[in-house]
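So that you can tell them apart, the chains are marked A, B, C and D in the order they are listed, and the count of residues begins at 1 in each.
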Amino acid sequence: MQLILLPLLRFVFAILTITFSKARKPLTILSHLLDALLLSQLVLLLLRGTPQAFTVGGAPVGLGIPLIGDQNGLTFAVLAWVLSVAVTSYTWQDGLRPYFFLLLNLLIGASYALSFAKDLFTAFLLLDLSTIVSFLLVGYQRRPRQIWASLHYMILSSLGMSIFLLGIGVVYAHCGTLDLSLLEALVRESAGESWVHLASALLVAGLAVKAGVFIFSLWLPSAHARAMPAVSALLSGLVIKMGVVELFRISVVFPIDLPLIVLGVITGVLGVAYALNSYDIKRLLAFSTLSQIGYILIGFGAHTDVARLGALSYEVAHGLFKALLFLTVGEAAKCAGGSHISVLTANSHQIPWGTRIAMTVAVLGIIGLPPLAGFDAKAILEDGLSSVPLHLIVLLMSVGTVMSFAKLAPVLFARSTCRTCRSHVLSYGWLAGGILLFWPLSLLLVPPNVNLHAMTFAHIAEALIVMAVGSGLYMSIRRRRFALPMEVFRMETSPLIILLGFFLVYALIALGR
Amino acid sequence: MVARWILLALLPIVAGVALLQTRRLSAIIGMGLFSLVLAAVYLLMHAPDVAITEATIGAALVTAIYVLAIRRTGRLTVVADEAPGLIAREGDEIVGLEYEILDGFARQVGLDLSIQFVPLRRVRWLVSHQEADFGAGGMIPCADDDETLTSTPAHLETGVFTFPAASAAREHSAPRELPDYEGYYADLLEHDKDGTIAATAKALDLARVMSLGRVGAALEGLDRLDGTFGYAFLVSKRRTSLQRDFAAYLRQLRDSGRLNELIQRHFT
Amino acid sequence: MAAVIAFILFGIGILGLVLRRDLVIKLLALGLVNSATILFLVSIGDRPGARAPIQLPGDVAILADPLPHALVLSAIVVNFAILALALVFVMILVERYHTTDSTRIEQEMVRETDEEEKPCS
Amino acid sequence: MRKDRIRIIAAIGIVLVFAGLVSVMHLGSAPDPSASTRFLARDLEETGASNRVAGVYLNYRLFDTLLEVLVFSVAVLGVRHYLQQSEGMELPDLSESEVVRTAVIFLTPLALLLCAFFAILGHISPGGGFAGGVIAASGLLYVAIAYGMRAMEKRLNPARLVRAEEAILLALLAFVLLPMVFGRTPLSDLMPKGTPGQLLSGGSILVYNILIALKVLVGAWAVIAAFAQHRGEL
């Protein structure tokens, strides 16, 4: 019951905030409290070993929409709640219209529903709902570039969703159901048949567009960099992950481990390369999101339980620090008058110190300082990887991340006297607390034996060496720009690149047989 | 069964033809037609619910909002006073130098050109209230004292003539055949830096002198004003990117010699 | 065979999306891609000798599969929603840049610096 | 020029390979004809709707339908939000021709009738609330063409329309949550199934169809009105 109430109540609150717009603040608080209550009930059920599961409206098996409150889903739902609290408090005093809160509530409701729904078509609708909502959120300030980015985003994700729907069609033609738990057995029965390959390739290619996978998500950098900070935080922390969560769901049923790993590596490496080359901080954050998605995909693709737990923790950790980074950088850019690194450095004294402390915590989190969020999640993830080359690639990505964030150092260490506004402090504190206390909190998700293993000397030493090497390399190549193709981000090429990506995925699936 | 095959085969043809259209409206109507064929296909594939939904949403609603949207989206709206040689009706067609320039520009920026002929004094008002993108038909740039209006670079040199005196002008020309140029005269007087012209004097540009000549008005004794004048298009000051685009297009036209070619063709 | 036609239409749609530079026609092409997907789904529900899925008690005729039809109803509406919004965004862009040519809008945007960039009316 | 040609050829090549690959793979393994009846054999007794599409659409997969209505509502909201702020032109009253007005006297009631037919009989015959709502909205569009937008605005106050839309959406959600009062999970069907083929059959499908028709009528009209107003003439 809680499973269906969580999204439905959010939808009700969404409409109430616009109908009774004067009471929107109490309504928002109430909705968050209710969500907390329902979520904690679900978590308790899960910890007791009896996760809630039922079919919506009591429809027969195979036809209705099954909901299940398993570990993967609940982790994402809790992340959605945490980010929703952070963004709400960040925008508390900004005087945004009820329209904004309506969209926010719908987005959170859609994330809840997606975390629990184990049905392909429901996932399609939820992803589309999230596309439309984030489409409107990106263009909220009506700047032409935001609108252009929104339009690009919408065209590509509509194309992606069409490809996904083709995949759904192929699956339905052969199985007669869209329920993922039933599909598992049916697909295994006909493993190796050509329709399985076709369906998996279509589903993966379609979802990859939404999931921030590099060759597919060409809309992502411009949309994330152009939106306002609170929206960017949600897009990076939540909306992209909706695609990733669904990719993981599918990876249990369809044989897509190899494409997931390859896509993860491509995304990770190219994302880091573009991030290194970006000197506009918001753009850097957007590209870094791509590279971070790489870790999560590799974790899911490795198909071991520890790697899965690592990917889940990384999903949460990335949600926390990327949201915090977007929020703080957004405020800093507003105070300094621009988000380019040189502007930020020059006017760094105008950035409030509270913001800078929060930013420092987030940066330390993302580059993996023990025992913060990034370190813990990455360590668990690495424990789950068995192959040496993958290990090396993950290390390379970590070094790249350190290098790209080393640019922020002059901004972080400066003097200033301004103060952060109170509603922002609350939001920063909430997220920074999550990053700092990630290790103890993650015991809820990760069994203690795995989690303790992450805190070994080898991992700590590795993290410190990565940080040292990364900053050293940054010092040596500082400010040297290298040319990377930007042509791929244009509207004229991106649909073709998505098709090429489909071919790649298809080839990998056929190979992986 | 045969009907289904025929309709199915029709689908790619209709879609392909629709998407190859250069005119936006044709493409939209083509896609509306495609949706209707698709609805028929659904009906033949035993999906009446889908057919009804496709016909109402895909064919009717989508086409309706497209048509409503492109009225302003895809058009370059020009309001013009008729000036023979520059822009004028000839039978069902519009001809003239300015027409060809505007047509080329509209093609280059990918807009449908829409020309409305209005009385001269409405031209300035419509452009300055952004009801139209350009004002055409022998417009002469005025001094920049207007808050909302400016002009593109001149594309054709011309002369401006004054009548010796208003009374004389009335004697010479047949008042019935003179178009209503009141607003235009007033503009010229306002912007003429030379204060020697009597308040009652009237001024005319070359194109209008010629058009008066054609309708048989007597034009003796006109004085040519000193200074160089050139025809240009009126454009709202707020449309900076439109101004920039057009200036670039005109420069390109002039550099390639195409402008001279056009002028030669229309005025020989 | 209807499925093959659907894939061909999908391809035509993508070509339109990539090769036509007019934003309005790009959106039409996107609509075509979506319609092609829907045609594919409907073709799955159809089977030889079937009737429309309207059944009365005691009726034993073969019926077309109603589930893809139900899915498609939702998909059509979702596609319409996305299209309407995209069209609005195109209108706003065109009002600012006076062209529906996507390449030119991209060039304009590169030329504009951040300070120049003002919210659209 | 040459670069353009390469691009076109590359695009056509990629698309051809895509369409070919997907077709071959899809036809390569023939779908199992019994697959679609694997789970879908006995729904007539369960939903009581003789239009089995409506049974799936508004009973088994009601949650999907709810999401779809939400997507539509958000789109309507977004369209209105963006078009409202960009300044539209004055609404001119067009001169109405007698012919158009006479046509409207027949067309609009016909559209409304068709809407009612689709919504009320949606569980028995093809149609359904969504198509009905759109048809009724197009009926309003005819009136707007004949009598001008301004006359329509007077009758259908936009602010009141927004309220109506929210109210209908809230009613829909309330109806969805109603089973909780009776101790059942939300979205389950409370009403008796009746005999398939009768007007009062199919449980709550009738209620949902009517609510959706109203919602879509208001929403589709709002979209049309927003586009028409922005353009300023009809």
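Throughout what follows, contacts are C-beta pairs under 8 Å (C-beta built on N, C-alpha and C of every residue); 3 or more make two chains touch, one makes a residue touch a chain.
Please read these numbers as outputs of a predicted model, since none were measured by experiment.
Taking the mean of all protein C-alpha atoms as the reference point, the chain centroid lying nearest to it belongs to C. Distances between chain centres, each the mean of the C-alpha atoms, put B farthest from chain C. Each chain gets a centre from the mean of its Cα atoms; for chain A and chain D, those two points are 32 Å apart. Our note on geometry: chain C versus chain D, Cα centroid distance of 16 Å, whole angstroms.
Centroids built from CA atoms put chain D at 40 Å from chain B.
Multi-chain contact residues, meaning those touching two or more other chains, occur in chain C at positions 8, 10, 12, 14-15, 18, 21, 44-45, 52-54, 63, 67, 69, 71, 73-74, 77-78, 80-82, 84-85, 88-92, 95-97, 120. Within chain D, the positions touching two or more other chains are listed as 7, 11, 15, 18, 22, 26, 31, 36-37, 40, 51, 53, 56, 61, 64, 67-68, 71, 74-75, 78, 82, 85, 126, 128, 130, 223, 230.
Each of residues 48-49, 53, 57, 61, 65, 69, 72 in chain B touches at least two other chains. Viewed as a network of touching protein chains, the structure does not reduce to a path, ring, star or complete graph. By the definition of touch given earlier, these chain pairs are in contact: A-C, A-D, B-C, B-D, C-D.
Note for the complex: chain C touches chain D at residues 3-4, 7-8, 10-12, 14-15, 18-19, 44-45, 47, 52-57, 63, 65-67, 69-71, 73-74, 77-78, 80-82, 84-85, 88-89, 91-92, 95, 120-121. Contact residues on chain D toward chain A in their complex (touch as defined above): 7, 10-11, 14-15, 17-18, 21-22, 25-26, 28-29, 31-32, 34-40, 42-43, 46, 56, 59-64, 66-68, 70-71, 74-75, 77-78, 81-82, 85, 163, 166-167, 169-170, 173, 176-177, 180, 184-189.
Contact residues on chain B toward chain D in their complex (touch as defined above): 48-49, 51-53, 56-57, 60-61, 64-65, 68-69, 71-72, 131. Remark: chain B residues 5, 8-9, 11-12, 15-16, 18-19, 21, 24, 27-28, 31, 34-35, 38, 41-42, 45-50, 53-54, 57-58, 61-62, 65-66, 69-70, 72-74, 76, 109-111, 133, 239, 241-242, 245 touch chain C in the complex. Across the complex, chain C is touched by residues 63, 121, 124-125, 128, 131-132, 135-136, 139, 141-145, 147-148, 150-151, 154-155, 158-159, 162, 165-166, 168-169, 172-173, 338, 490-493, 495-496, 499 of chain A.
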